[in-house]
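In what follows, chain A forms one complex with chain B and a second complex with chain C.
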Partner chain A sequence: MSDTGIGASVLRKEDRRFLAGRGNYVADIAAAGEVALAFVRSPVAHGRIRSIVKPEGAENRVFTADDLDGVEPMRAPSKLPGYKPADFPALAIDKVRFVGETVVACAGATRAEAEDLAQAVEVDYEELAPAVDMLEARKPGAPLVHDAWGDNIALATRTDGDMDSVRARAAHSVTREFRMSRQAMVPMEGRAVLAEWNPRMDQLIVHTATQVPHLIRAGLATFLGLEQRQVRVIAPDVGGGFGLKTYVQPEELVACWYAMKFGRPARWISDRREHLIADANCREHHYIVTAHADEEGKILGLEGEVTVDAGAYSIYPFTNCLEAAMAGGNLPGPYAIEAYGVKTWTVVTNKPPLVPYRGVARPGVAFAMEMLVDAVARTVGREPHEVRMINMVPASAMPYTNIAKKTFDSGDHAGAVAKAVQMIDIEAVRERQARGEPDGRLIGLGFGSYVEQAAHGTSVFASWGVQMVPGYEQAGAKLTPDGGLELRVGVQSHGQGMETTLAQVASEILGIDPENVSVIHGDTGLTPYSTGTYASRSIVMAGGAVSRACKVLVERMQTIGAHLLQCERDEVRVADGRVMGPSGDLPFSEIGRVWYMNPEELPADVDTDGIEAVVGYRPEPDHGTFSYSTHAAVVAVDTDTGAVEVLDYVVVEDCGTMVNPMVVSGQVYGGAAQGIGTALFEESPFDELGQPLASTFADYHLPGAAEVPAFRLAHMVTPSPHTEHGIKGMGEGSTIPTPAVIGNAVNDALRRYGAEVNETPISPRRVLAAISAARGEAA
Partner chain B sequence: MKPARFDYARAGDIADAIRLLGSTDGFNKPLGGGMSLGPMMNLRLAQPDLVVEVRGLDALKTVSDEGDRLVVGAGVTHAAIEDGKVPDTTNGMMRSVAGQIAYRAVRNRGTIGGSIAHADPAADWPTALRALGAEVAIDGPGGARVVPLSEFQLAAFTVALEPADIVTALHVPKLSPGARWGYYKICRKPGEFADSIGTVVHDPDRGYTGVVLGATDGAPLDVPALAEAVRAGKDVEIDDAKAALAAQGATFDDYGNQIHAVALSRAIKGAFAS
Partner chain C sequence: MTEISLTINGAPVTASVEPRTSLADFVRDSQRLTGTHLGCEHGVCGACTLEIDGEPMRSCITYAVSCDGASVTTIEGFDDDEVMEDLRQAFTENHGLQCGYCTPGMLVTARDIVRRLPEADEKRVRLELSGNLCRCTGYVGIVRAILAVLEKRRG
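Up next is the complex of A and B:
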């Protein structure tokens, strides 16, 4: 290992510009002659548009669906049998289906002028009864979001297990109901787009805040009737994504249409109110789960019913069915279970679309499963961590194919639990609980474990029926004439630090200093195709591809180097940023000079493709990597106010080989902080008419410095046997167990009341309601 | 999220501000720290025709000792009070309350008079100053006057100000050295708007006791039965507070009943602890 290669905690190169306020986001980019767009958004959750009156004299600056010639509603296809596509129009056609839906677009010289126009537009709606709650919407007779469907079910699936045999053997069947509330995804930078038509290139150039530039390109071309060569998508600095920035947005399409129609650049920058009202939401799941367990707490069988509130429309490209597919496939978690049956429903409602958020369905899955495990532990009278450990797939069984046909590659799951138990000091916590607090608050201890499939490959995505199946990830590596390195990757780095970590992978192979490496990403005009950054895939896939591409460069440089050093090719090695022979060595700049400027010095057997290579890579088998972790937390619950404070929080995680342990820790901190948001604060509630009740940060609460504890981390390292360098995906993981960890800790604290919370966020109102309900039952 | 078009004027002094506010028939608003008006304008929830900036007027920043009361200019910032730049005549209560308002960035600009005039039910000053028995000084076309806060705030965001009136100062009675106070705020996070505020000021030497509940749906609520209990030296448990609220006809949902009672009980216990 070089001291800047894999395993080194190199400071993030990109932070130099970020910390100095020199990031370059869409909002920082100006185009000559641009207009700003603002949107008239539906004030009703469900209604028919009777009429739209444009302000007099503003007809050519105000646009409805009728004006969008050549723009197709967005359709996200799926091959899953029975799937009903819910097309998402750029501007509402006839009907509006959620509060905030784009109805009319207005163009002004400034955003304020565009908003003035929007305020002057008159839209008359015939209000219709909305479908707001997913369980109600699932029932026959509910108001129909899409009239032609006949029901509100976008997809229903069923997997039957051999439940009869386990039911018969089970000493206990423990059933619980859980609900994850709808919430927003809150990147620092909201969504943003600047579209312009470039006549010289015959090309639409779209700067947009996205995680998946190549997929956005495909979508824009499809819905605008262009060839893909006519669309270039550039994601400049992007201030966080978390899943929000993985779909083609209505506002993006309108900006592109305007730029093409009028030949003037069009800009739309989301504001926080639009963001909290109209952007896609996440997380809204409902579970009924049953564990059939023996006297020891060994779970023999698991049954689940999963309902996902997908909102009104299906987002492109990942569809509204991915959540339920992930939920159904991941419910068994890290446990060895004999029998498993699950039903899922993806239900449409009059709310914004649902997209996968960091952790994709699994925070909901873990909330249901991990809290069910604790319920089992309480039922059999054992410590929850013990019940986890006896149910987990043992390290000796790896690789292990579980009941949901997922093949865990490696790891010691129970070892992570044991380490977490030790770090949280369970004896001390139990003593403290028994002692009681001076302020009367109740102390609770909670655990949560998960296994995180990441970098899911071709076969996995193909089984989900989505159109955009990832295949071989490509990376370009190019030695420059002066001996520097350019890497080109189709993924996007928007907080993950990949400008540093991908350079570290190159450093591992070439010995080059990451300071001399440029990572070019987020631009369809400059990078190889990639499905982009999601599913914790980028360091596995792009990192693996960079590694392979750099190895090709090594071979090419060896040939040239041997010639220049007058030795045999197999006597030459590449290390420390130099080409070394038995009697001397050369800097990379010498190789660059000869290839680019003095090719007369090249050997006859030179590889004529030069010192630049685009190489494709996919792990084999391609089912993905399996990181895992156990978190533990101690909370204090004020039973008078319902307030929950996190006193201590430990994370034991294993993501295989760590390219940059500091970056791994940073991802864990950020994910767990967002997990605490889901657990305790973040919620996008709607009233019975489908009106959103949290439209500013005054009502939408995020955890801040005072609410996030100082996480204590321990890393275990079990490399993946299937991937380049043994790297596993990990960017999302620590969001996954956190709501369950906090929920289990709260329920442990409330044990004396027999009260259980079962819904996120675990707000003071819900804590008090749980206590009150338990007292009511006891009375 | 850009404000609708509006006209702007900067007042030279209080008289100028009153003149400007009355210069047109439109919806004219004085702008102090802008911590509430600014966001409301950006959200287009407020669309004034004319904004008259009064921030920076020296006459609104003065603090004077008038014997039994401290007169605090309406333009004094929360931060100035938090930092002790205003004499402490309330045994530390105003300083403590000021330090709990929103976040420091808001406290740096937000003003005591702006908070009282805006009358957000979840804000700190309307409840805290009412419990102190403060009065509000108003100037306007109809002349200057001083009104008890209990007569000033009529409902949520609704106060007894005529068009072109501005709040010029708060008259805060001084507490006796032996006076006790308690202030207990329940909110989801430090800095967020409160879900409940319980306040008590007990000054037997002056024969004054006030118990006020804030962060309800309306104006701050006097709770006389609890003031009576405090005067009588009784402990006030959560159930006592619930009973007192119920007896005066206050209607909240289960959660509101609980946390309002907790806030009141803890404020009173806090006042007499140590």
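Up next is the complex of A and C:
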């Protein structure tokens, strides 16, 4: 292993500018003559707009849906049969469908002036009964979010399994109900856009905080009636995404419309309140799941009903149905199960749209499945880790196609459980638990396992019916005249460190120092098309493409090098940043000099495409890589206050070949901390009128350094047999099991009461309610 | 509009500001010092933390007009600071940042911890960081970085 290639913990190149305070986020960019936008947002969850009165004299600075000539409501198509598209207008048309929906746009010289104007706009609403709870909204007779639908079901699916035979053979059928609450994603940088029309380029230039610049370009062009060549989307430094920054947002469309209509740059920078009440939310799932198990705890069959609260509108491009599709496909987790049946409902309500958050549906799935596994373990009287291990797909069975038709590529799932058991020191925990705490708190131990399909490609997305199916990922690699390297990729790095890790992949192939590599990303004008950064795909896809492109450069340099070194082409190799022959070697700068400046020295058989290549890559098969992990936690539960403290937390994970172990560990820690947030703190509650009750960080609690444990982490390495370098995707993974791990630990602690929590976040109130319910008291 | 005179990163500045303008907006928009980031604008997340007269403060809930006569140091003003140099090195070595958005505020708070609490242990460092939110790192690298600098300075 080289000290700068794959496998090295190279310190991140991007750190320097961030540490110096010289990052460059959308809000840091100023454009001459720009205006700031502010929005009048709906104060009611469901209503008809009776009238809008613009302040006198401000007609040219205040805009309603009627003013947005040429702007189409956003439609996210899906080919899934029965899908009802819930078009998302840039500004509300006739009806408002959630608190925070954009109704009127106001332009001012500063944001403060735009907000002053917004205060002066008068909107009269006829309030309608809202659909707030997804289970109520699913029923006939519920208030209709979209009048023409006849119900609130955007999509219902059903997968039938041979359940009768397993029901008959099962010694135990264990049923549980789980709910994962709605929450916000809260990247530290909110959403931000600066749109400008450039007459010289005949182009709308949009700086926007996004993970998927090429998809945003497609959406903006579609909804603004432009050709895609007329839109350039640039994502500069982006302050975290986590899934939030993958959809075209109403405010973005309005800023673009304004820039085109008035020929002035328009900016909108979300504030935190706008994020918490009006941006897309995430996570809200409900499950009823049943495991049919034998006496040993072997799960023969699994049945589930999954309901997803998708909010009012379907987001472009991934639609509001992806969550339910993923939930249905992932419920069996890492387990070998004979029979599986699942029904899913995607329900619209008078709440903000739902967008996939880190882990997508799988944190909810794991919350249901992993806590069901523990319920099975309690039923059969075995340790939960043992029940996991006997149900897992064994390493010897890899590659393995599971009951939901997912083909695990490689790995030793039970081995990860065993390692976690060892690290958490189960004997010591059980002893401590039996001994009792001096302060009277109860100790609980919880496990959670998952398999993370990542970088899933064409076949998977095509089966989900979405419009934007990823195909061959392309990367550009260009040797510069002085022997440096430029990489161009269409993905976007917003914390993942790809300016370093992709340079490491190039270093692995070319031996070039990552310091001499520039990674250009996040700009549709400078990079090859890509569907962008989501689904933990970027290091697999862009990393693989960079590897392939660099290999093409090697071949091209070999031809030129052989000529200059006066030897045969097959005697030349490229290593350590040099072109080496039997009797001498050249720096890359010599190859660059000859190609660009002194082509008279080139050989006759030179590849006329030069020392620049754009190469496409897709793993085959393209069904995705399967990282996996087991987490274990010890908690202390105070049964007087309901408070839960995480005392110890271990992670054993396997994501195949690690390009940069330091970066991998950082993703694991960060994901697990977000999982702790979901497990214990984060919730966007709504009252019965659909009013959001968490609109500041005083109501919406994020985990801080004092609440997050000092995670202990161990890596296993089982390379993927299907990808370049054996890399597997892993960026989202550790958010997946955490709520279940904490939930299982709490339920283990509460076992003496026969109490179980089954809803996130596991707040003090819910812990106390679970204890009360088990004691037969009214909550 | 109110006229204020203050020192920003060692240089004198005189400007007219609206009474409602926050110090964060003032340094970002008027002074183009964009290293001070806004994460919540209600004083919880700490991304906008900078130094006023040697103390870490949240610039999003500090009015610019209240800083007349003050000495303000933003992240851009610590380039020659020895403690900050150690912290920057430790943050990169311990992977204490990912997206970089919370980083300037985190560094200002970290510098305060290092100077004020030379004997701080991990628990104390975590407690002291409770006014600065990070969504990327799980705080692991941040805590390690601060502990590394404390350790180095203890010799």
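Rule of thumb we're sticking to: the second predicted complex is superposed on the first by the 776 of 779 C-alpha atoms of A that agree within 3 Å, B and C clash if a C-alpha of one lies under 4 Å from a C-alpha of the other, contacts with A are read in each partner's own complex, and residues count from 1 in each chain.
In this text, a residue touches a chain if its C-beta (ideal position, glycine included) is under 8 Å from a C-beta of that chain, and two chains touch if they have at least 3 such contacts.
The structure displayed is predicted, hence computed values, not measured ones.
In this overlay on chain A, chain B fits alongside chain C without clashing.
When the shared chain is aligned, no partner comes close enough to touch A:168: not chain B, not chain C.
In the superposition on chain A, contact is made by A:706 with both chain B and chain C. Looking at the shared chain after the overlay, A:434 reaches neither chain B nor chain C. When the two structures are aligned on the shared chain, A:696 is found in touch with chain B and with chain C.
Once the two structures are overlaid, the count of chain A residues touched is higher for C than for its counterpart among chain B and chain C. Judged by the touch definition given at the top, the superposed model places A:32 against neither chain B nor chain C.
Applying the stated contact rule after C-alpha superposition, one finds that A:272 touches each of chain B and chain C.
Of the two partner chains placed by the overlay, neither chain B nor chain C lies in contact with A:604. In the superposition on chain A, no contact is made by A:148 with either chain B or chain C. In the superposed model, the vertex angle chain B-chain A-chain C (Cα centres) comes to 40 degrees (nearest 10). Contacts of A:186 after superposition: chain C is touched, whereas chain B is not reached.
Note on the superposed arrangement: chain B and chain C approach each other to a least C-alpha distance of 5 Å. Shared interface residues of chain A (contacting chain B in one complex, chain C in the other): 110, 112, 271-272, 696, 698, 704, 706. Against chain A, in their complex, chain B makes its touches with residues 1-5, 39, 43-44, 186, 188-193, 195, 238, 254-255, 258-259, 262.
Considering their complex, residues 18, 20-21, 28-29, 32-42, 44-45, 47, 74-76, 79, 88, 91-93, 95, 97-104, 107, 122, 125-127, 129-130, 132-143 of chain C touch chain A.
Of all the residues in chain A, the ones that touch chain B in their complex are 110-112, 115-116, 119, 271-274, 640-643, 681, 696, 698, 701, 703-704, 706-707, 763-765, 768-769, 772.
Within the complex, the chain A residues that touch chain C are 11-12, 14-25, 27-28, 30, 110, 112, 186-190, 237-240, 242, 271-272, 494-497, 662-663, 665-666, 669-674, 696-698, 702, 704-706, 708, 710-711.
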